[in-house]
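Here the chain labels run A, B, C and D in written order, and each chain numbers its own residues starting at 1.
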């Protein structure tokens, strides 16, 4: 596994993999598990994936980002049971200038959410659980 | 000093100061010293500031960002002599959603560059040194 | 299973779809020239399958595929609930 | 310095401007009703000051100020080269 991890995400090592003294601008996005969803208390989030396809699509997104911007991009997504505060996804983009770093990081996280086959089940304080369907996906289905 | 530091920037502590399980999206911008400027090798960058005003303006920028976006923002700028690879500035924004976190972080670093009285002198491999004037400032002067 | 192996195809199911069918993979009879839509119809005919959408997201060989595409024996097919990563 | 203290004002200089004047602060005679532009003219009349721009960025009491503003004794004035943080 290159982009998916069942262990806690190591943002420091990820950043070291793309930082370089020739690239002065580094933008990092961290998506963490929130302790609520629209006010309803959340106790855990369980992520699952279609592993081989998720790895392939993450690789494609990284490659496409490198074509669109003069930036080096890294990406990790956590799988398994996470609790509020845990990091679920980290995207980092390093470039010579901040425009490219911001744009590449933003584009990659948007594409990850749109294209990578990962799902999550939200567990609430009252014992109930729901599969999460992002608003965009509800409209498309 | 709250926003300026003559010691190396501690991004981890800065991030901990704004992270919270209710805010799931964290965007970080790190600006580091590059080892070149338009191809010319750079060996050091010396930052100086009008300290009291720089602190005041940084505080205003943070306050304005908090009014514009539902985000918590932190900011540190290094002062003194830095070498390539050293972090010169760190901006972090935490929000419930990634839109606000990306927009707030981007706006804050833009405003820092535009409004905070900090200057830098670039030292080249050949022993020469120049005060840096950003392209936008050249046009305005 | 009396039909030859090439006459059936496995379909991977994930997340809510796996829960609806009670399985992470199901085997469907594959007629010559069958499209992905035909395979989806086969999955929807299984117990619990009627709760799948008419036109779910489908992947073939790790890439998104259109329902009109003809299935080739050996293809890896998967029905994907709406992506929810991040 | 025979004039009363309130008749002079200190002007802070930074980075390249401090280098041009060879000082991080200079003292300028302040006529009643003088504007920041008048103070700038006083700084530009000092040795090395002619290399300052006609209309440099100015701060008064830690905030950006317009050159037309009247200076009040006790104000903290500063001439700022183009900002180059980040």
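Here is the rule we use: a contact is a pair of C-beta atoms (placed from the backbone, for glycine too) under 8 Å apart; a residue touches a chain by one contact, two chains touch by 3 or more.
Given the structure is predicted, the values throughout are model-derived calculations rather than measurements.
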item: Path length in steps (a step moves to a chain that is touched) from chain B to chain C; value: 2
item: Averaged-CA centre spacing for the pair chain D and chain B, given as whole angstrom; value: 27
item: Distance from the mean Cα position of chain D to that of chain A, given in whole angstrom; value: 51
item: Separation of mean Cα positions, chain B and chain A [Å, integer]; value: 25
item: Residues of chain A touching at least two other chains; value: 31, 109
item: Which chain pairs touch, all of them; value: A-B, A-C, B-D
item: Residue ranges of chain A touching chain B (in the complex, touch as defined); value: 12, 19, 21-36, 84-85, 96, 98, 101-102, 105-106, 109
item: Chain D contact footprint on chain B (complex, rising order); value: 31, 47-50, 52-54, 56-57, 77, 88-89, 109, 112-121, 131-134, 137-138, 140-141
item: Sites on chain D touched by chain B in the complex; value: 12, 14-16, 19, 53, 59, 62-64, 78, 80-86
